[in-house]
Amino acid sequence: MTNSAHTSDACVDLDRRRRCGFPEVVFGEGKTTESIIEIFGRQTDHGEDCFATRLSAEQAAGILERFPSAIHNTLARTVRLHNGSESALRGEVAVITAGTSDRPVAEESLETLRWMNCETTLVADVGVAGPHRLTEQRDDFTNADAVVVVAGMEGALPSVVGGWVNCPVIAVPTSIGYGASFGGVAALLGMLNSCASNVTVVNIDAGFKGGYVAGLIARQARKGKEPKSEGGNRRVQTGIP
Amino acid sequence: MTNSAHTSDACVDLDRRRRCGFPEVVFGEGKTTESIIEIFGRQTDHGEDCFATRLSAEQAAGILERFPSAIHNTLARTVRLHNGSESALRGEVAVITAGTSDRPVAEESLETLRWMNCETTLVADVGVAGPHRLTEQRDDFTNADAVVVVAGMEGALPSVVGGWVNCPVIAVPTSIGYGASFGGVAALLGMLNSCASNVTVVNIDAGFKGGYVAGLIARQARKGKEPKSEGGNRRVQTGIP
Amino acid sequence: MTNSAHTSDACVDLDRRRRCGFPEVVFGEGKTTESIIEIFGRQTDHGEDCFATRLSAEQAAGILERFPSAIHNTLARTVRLHNGSESALRGEVAVITAGTSDRPVAEESLETLRWMNCETTLVADVGVAGPHRLTEQRDDFTNADAVVVVAGMEGALPSVVGGWVNCPVIAVPTSIGYGASFGGVAALLGMLNSCASNVTVVNIDAGFKGGYVAGLIARQARKGKEPKSEGGNRRVQTGIP
Amino acid sequence: MTNSAHTSDACVDLDRRRRCGFPEVVFGEGKTTESIIEIFGRQTDHGEDCFATRLSAEQAAGILERFPSAIHNTLARTVRLHNGSESALRGEVAVITAGTSDRPVAEESLETLRWMNCETTLVADVGVAGPHRLTEQRDDFTNADAVVVVAGMEGALPSVVGGWVNCPVIAVPTSIGYGASFGGVAALLGMLNSCASNVTVVNIDAGFKGGYVAGLIARQARKGKEPKSEGGNRRVQTGIP
Amino acid sequence: MTNSAHTSDACVDLDRRRRCGFPEVVFGEGKTTESIIEIFGRQTDHGEDCFATRLSAEQAAGILERFPSAIHNTLARTVRLHNGSESALRGEVAVITAGTSDRPVAEESLETLRWMNCETTLVADVGVAGPHRLTEQRDDFTNADAVVVVAGMEGALPSVVGGWVNCPVIAVPTSIGYGASFGGVAALLGMLNSCASNVTVVNIDAGFKGGYVAGLIARQARKGKEPKSEGGNRRVQTGIP
Amino acid sequence: MTNSAHTSDACVDLDRRRRCGFPEVVFGEGKTTESIIEIFGRQTDHGEDCFATRLSAEQAAGILERFPSAIHNTLARTVRLHNGSESALRGEVAVITAGTSDRPVAEESLETLRWMNCETTLVADVGVAGPHRLTEQRDDFTNADAVVVVAGMEGALPSVVGGWVNCPVIAVPTSIGYGASFGGVAALLGMLNSCASNVTVVNIDAGFKGGYVAGLIARQARKGKEPKSEGGNRRVQTGIP
Amino acid sequence: MTNSAHTSDACVDLDRRRRCGFPEVVFGEGKTTESIIEIFGRQTDHGEDCFATRLSAEQAAGILERFPSAIHNTLARTVRLHNGSESALRGEVAVITAGTSDRPVAEESLETLRWMNCETTLVADVGVAGPHRLTEQRDDFTNADAVVVVAGMEGALPSVVGGWVNCPVIAVPTSIGYGASFGGVAALLGMLNSCASNVTVVNIDAGFKGGYVAGLIARQARKGKEPKSEGGNRRVQTGIP
Amino acid sequence: MTNSAHTSDACVDLDRRRRCGFPEVVFGEGKTTESIIEIFGRQTDHGEDCFATRLSAEQAAGILERFPSAIHNTLARTVRLHNGSESALRGEVAVITAGTSDRPVAEESLETLRWMNCETTLVADVGVAGPHRLTEQRDDFTNADAVVVVAGMEGALPSVVGGWVNCPVIAVPTSIGYGASFGGVAALLGMLNSCASNVTVVNIDAGFKGGYVAGLIARQARKGKEPKSEGGNRRVQTGIP
């Protein structure tokens, strides 16, 4: 017997939760809606929470039609479906953005963290050119278990945030910018060369991965502690229908 | 009164431990031995553990002459000096290398973790072209709080390790390789594009940063638990005089 | 007398089969449907099997109208036309993909191999982040004469496959990915730097070339042996109308 | 009659001061000491102040032997020779560095400004990972006519400085860093993409050009004002023999 | 109390004028028209002049409907709104273009300078391949306080202009060109390597930043002088409705 | 009096023919049809032959309506208008293409040569993978005064042609290809590194420049000889309406 | 029991021959001579033929002292040691070079093939700029089972060779060249974009891998045939002491 | 009988002069002195003029010892040997340099032209930042049959020269510069994107190729004319022993 389930054209890794802590996540680009629904169906049969990213409006609509209780975030382009596998909140992560255009990537991180039952805080639009803005909101993120910093252009914000916190900072470069930003390369290089020791980096626009790693860290920080049971997503109304 | 101490040509951040959890680390390249000794002196006066990386043999000798109890790792090119600020072990990190040439970078990670009082395990020379090697040693790393994977050439090892563990994987690309490895760029890109969700990346040859972030994660994982008091560096005799 | 036949705007190399073993293949991009039909006509007159790649739906429809017995693979975007020049199967090639999005490139390889009368096996969706998946299906490819591995993102799969087989592995990087995948460059570099000695590489998305070289190798492996006469394409229903 | 003077193998532009405000500067790399001395001689004959950059120790020694009153800055690798063409100070420029390794490039900027008779302030070692350091020394640069910011690695400092001042910021990326800093490219891209509107950029390690443009701006800011007559280089003893 | 005003999804820096000399400028790309109108409204309440760049025709129309006295430059894709905070002209800047295709970027610079109440001159279409054209119009720019040079392709014009003036030259590379111009990279590199000492560089197509820095320099050049009160934009009818 | 004529938004260089041998050529991209017509009008008034490249179908139609005797090449996307300034043929140039997709760039070269009154020969579709094809047609190009070789993908053809002729070879890389052709960069680099001594290179897809330089060389080769008076464009019917 | 043997600092894959057909090969760079000798010793104990590449003169001398019957190729920088595991020749491979500077890489391929007991032919110095040279020696390679083509600069030779043979061509780009050859990148890109269908590519200067894959193909071509027993390396005296 | 002569490790193309107009030239890098002497010997036997480039001082000394009448240019690093195959001067080429550091590359061009019996003029050190310098010496190059322009840094000089002449301009980028000059890439890109229609480009530092193509053009320009018989290299004493 194997732990892989073959759908019509994909091979679902149903052993992933045991091995890696969380079920497989569906990368929507290039998949048919039917194929995503089939994967969600199999995961639901196993009592797993489902999550899909990079969805078109059509794909999302198709999934919601089949799973009406699923939650679609239009900015993040994600759908998540909670099948009760876990409900208590575990860990606290702050997501910080440099500019308003970085918001969709930040939302992908936030949705990932919600799917992981992690408590989240959003600190938006505090790019380095207005240095007082970050300082004013410092209390909102200095006690987090992990911080995700989402920034395009020169990607300097993670370095500055890194200097204020004692937890890991996951830097997510975005493709926001023009000219010599080269679709996010300038931000990526800036973050890889960060002089702050606690900064690690994921791929350009990789909101999912940024959120996922932060969620893993936060979950570890709460090992052996009582999870919170009440809700916990602050200042994040936009983008959720 | 400020929290910055000015040495002859550097400005030491003595507030760093309060703000970020650990004292400032000295990047040795381009600094004079005198300057590094002065920084170590000030940190010692504050009761902080000292750590310097990227040292030449001459720099290291100069430091050891002044601080005979300091530990020099010749492979890692580091010197650390424990001033008793902390002694109990906190957290467990596995450091995994793809090939023998990746060892110096791995040693920099290991020394960083030792300076942070973190328990370490080294799993060496288990690159993907000999797939059974990693599987045989899986027990050595699947229970770690964080894993550092050090690899050059195509940089595929973090993806494979990422599929076996449920903790964050910090991928450290190395400049090992030739031709189209472009001094580590191929490995860096491979790691940034890893299909494993738990992989984040640091700069090429950034053994210090890889170890530091893993240490922060491991420390968080042990918040509120009893620290171990006995020693804990397995299979790591090489390179320490 | 020359061995080149000039169509209205192309010069067909009718000597190719004698010199290189197989007739010229039509790269459809930028050619008119009429021009492709003219080339197929001339090759048919010479009793050659015809093959065209990178076809739009319109081009394919035009060709099928003129040659109703031709086979159109919509995923692969190819049309092939067998004129009976050869029918016995020669050689066995496995085509392995990392993810579902790599399928169209894999189909181009498969169609190329079918045009070459090579027996094929498809092993799909066995990327490195689910390490057990490849192992479970190992029997399907370890006895092949050559293996084609199609992968995007970090392109790590050829290295892992290379460690399990004793035949050449043709690695085909795909443009699947985003951000720092740079349209397939990350996968290409990963494959060029593969630590597995039996891995060679072709251009990004070059499904045709990957299949062609594998087919040449497989054909050589069967020199002086009895060709199989029965059919031989396993698990490959999708994509063929 | 022409305005160009031909030395043995160079063509000196003696009209430069009239056209561009300052005499031609000698880029020392690849020139013989004799050739530089000949240029200095001709400029001295015209009553011009002389300045040479990128000098080896040997070149500098040769020039000083011939012009004993010239000033050699060993860190900056420059020699300047004042022939009294101007002595009153004009304009104020702050030069800010991120780390101690950026100092030689900063010294090249400072020497350029001294040759231009500009008042200078050095604010050293205030990189973004220790955010309080810059703030503590803000009074030293907020009233300057122009600011030169010298930084390697991620090159984030100009953006942060740019948010605190109302004058132009000339960002000078340095080649300090390793791995994905690509010899200063990461810093260069970061600075070109700065979200601060008042930041412009010069070439990697171009301390001379950074200082020169800042000096031009400062000089303009003092048009029609009384120049200061007293000395004016603060906190800058290092590096001048 | 803070100096940041939060609109529905942006955080406006109302302290910017005090700190940096000019109010915040709205980068239109990726913002909703409502959001821009809200920012303009808040700035108008503070008596600040408003300016938005990179606007679509729809965004501009929406803003004009709400602020009928605003000025829309269709070539520059900007809208500015003067709320009387300043009306006397300060400083003189020449904007020079290499070819007709560089005009939209030049217009963005010009509109920025008008918003800053700076006197402007446009010298258009004087690329280096027709060397006499620049010389013929030299009187139009040699007395400016700063010069903005806008050029694509090989980006050689700033070097040539730099040889004729004694003020700073702000070089703005454009994405005009094809093939190995790589979307402006060739021009950017040419400008960064300019042999003229007075040339600094901004991002590709960064007309706003080029104009802004030139405006800051020009304003400084007029410190303590009487500002001109009459109009001052020469030869610039095109593009303003 | 100047030699520049200002149209509404362009500055025509009417002195170009005296200085450089041929009138200015209009690069159509980004220009209005009216503007091009105005330039053609002024050149016609001066008795100059007109030529415009990179035209859209709309631009071309507009020009033809105003100048009915102008010749539009739809493949080349050019329009030329002969005003009788010269009619005798001068010089012979061969244009050679590697594949059918390179034809539009070759046509741009051919039209440029026709505008220069140069005799032309087209040798099409003789890429290096069919080595006998070039050899068969060698007589068609070995006596030319200059050869233009147009090739995409690996760009190897100029090296091979260069080995057969004793005149200069102008290599024009095209953007034909996919994946690691990087829009013509592979061909460009191949040509720049050609081991054939007589090969020089122009920009990617620069059919005009390739033809222009070849035309200049051919014209020089005929200095002091009798020009031919009869027609002279061989095998080039396609693409001219 | 495992199939990995741990030497002091390396982990030897003794199962490799069973799995992949040939024993592990030692990449000498960065290994101590002792470590290489230890690996050779273990392999010799298992009756395996040994092979090491990228050796310094010192490493090679150390190995020869311990294993006097080993064969050192100074050009190739390799040492091989035959322990009689196989002696009959299997398969025929031609190695072709473009220029004399490509010889060391070609020698690495040849030595690899000799270690694999493959018959080899060297065709040297037949670059494309002297087109008749390749043609004259065509008989030497058209009957090979596989061809390795080693070329730097523009890397055009594999495309031309590919057009003459019906077996796979393994293209090995070399770092020979200057300027825009970018250390072999131009040749690498040229080969990846080869218009010849039978060309695959390995890393820059990867003589070992080029030879290894060719050897695998040749061995397959001889499956079920009688191996030759007599010697078989033609025209290759140079470089072997 | 073949037209290739095999020396010990090179294959000399003795048919080159008939096919391409000039004998083969020896690229010295990586060749032994003996090998070069052998080639010169064979060419001398055929009455051909010999030329070798990129020679070390040792190689040059070795050649001169054997051929005492050969001419060594130490700046150019070339040796040429005239065997009387041709003595009358044919064609006139101007070689123009931007800065003194570009001289060695220019000398390689000049020596190539002398070997081709071409009349040469050197116009040195006339870079664009001193615009009057080029204009003052315009008479020295406007009547040449071809112009070679050698420039590093931003590489703007060919565009400016191109605007003054009616003959082809061969642009040779040099690796002179630092930082973002990327070893000559900035100059190369600038030249490829030149807005002057008569500019073609060769590889970085390719003084030989630049001179060779200019020489071919000049020779064509003199077809059917009387060659000059008197000497003809102006202002070029430096560098020839």
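Think of it as A, B, C, D, E, F, G and H in the order they're written, each chain with its own count starting at 1.
The rule is short, and it goes like this: a contact is a pair of C-beta atoms (placed from the backbone, for glycine too) under 8 Å apart; a residue touches a chain by one contact, two chains touch by 3 or more.
Being a predicted model, the structure only gives us computed values, none of them experimental.
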Chains in simultaneous contact with subunit E and subunit H: D, F
What is the Cα-based rotation angle between copies subunit E and subunit F, on a 0 to 180° scale and rounded to a multiple of 5? 90
Test of understanding: which option in E-F, F-H or E-H shares over half of the contact pairs of B-D, residue numbers taken as the match? E-F
Out of A-C and F-H, which chain pair has the most contact pairs? F-H
Subunit A-subunit E contact: same residues or different, taking over half shared as same? different
From the C-alpha centres, identify the chain that is farthest from subunit B. F
Cα-centroid distance, subunit A relative to subunit H, in whole angstrom: 59
Intercentroid distance (Cα basis), subunit G paired with subunit F, Å: 45
Return the distance between the CA-based centres of subunit D and subunit E, expressed in whole Å. 27
The positions of subunit H in contact with two or more other chains are 129-130, 162-164, 179-181, 185, 188, 192-193, 197, 203
According to the definition of touch, which chains form touching pairs? A-B, A-C, A-D, A-E, B-C, B-D, B-G, C-F, C-G, D-E, D-H, E-F, E-H, F-G, F-H, G-H
Which residues of subunit H touch subunit F in their complex? 19-22, 25, 145, 162-168, 170, 188, 192-193, 197-203, 208-209, 212-213, 216-217, 220-221, 223-225
For a test of understanding, state which residues of subunit H touch subunit G in their complex under the given definition. 2-4, 8-11, 13, 15-16, 24, 29-31, 35, 173, 175, 183-185, 188, 203-206
Once bound in the complex, which stretches of subunit G touch subunit F? 98-99, 127-131, 153-156, 159-160, 162-164, 177, 179-182, 185-187, 189-197
Note: in the complex, subunit A contacts subunit E through residues 100-101, 103, 124-126, 129-130, 132-133, 136, 176, 178-181, 238
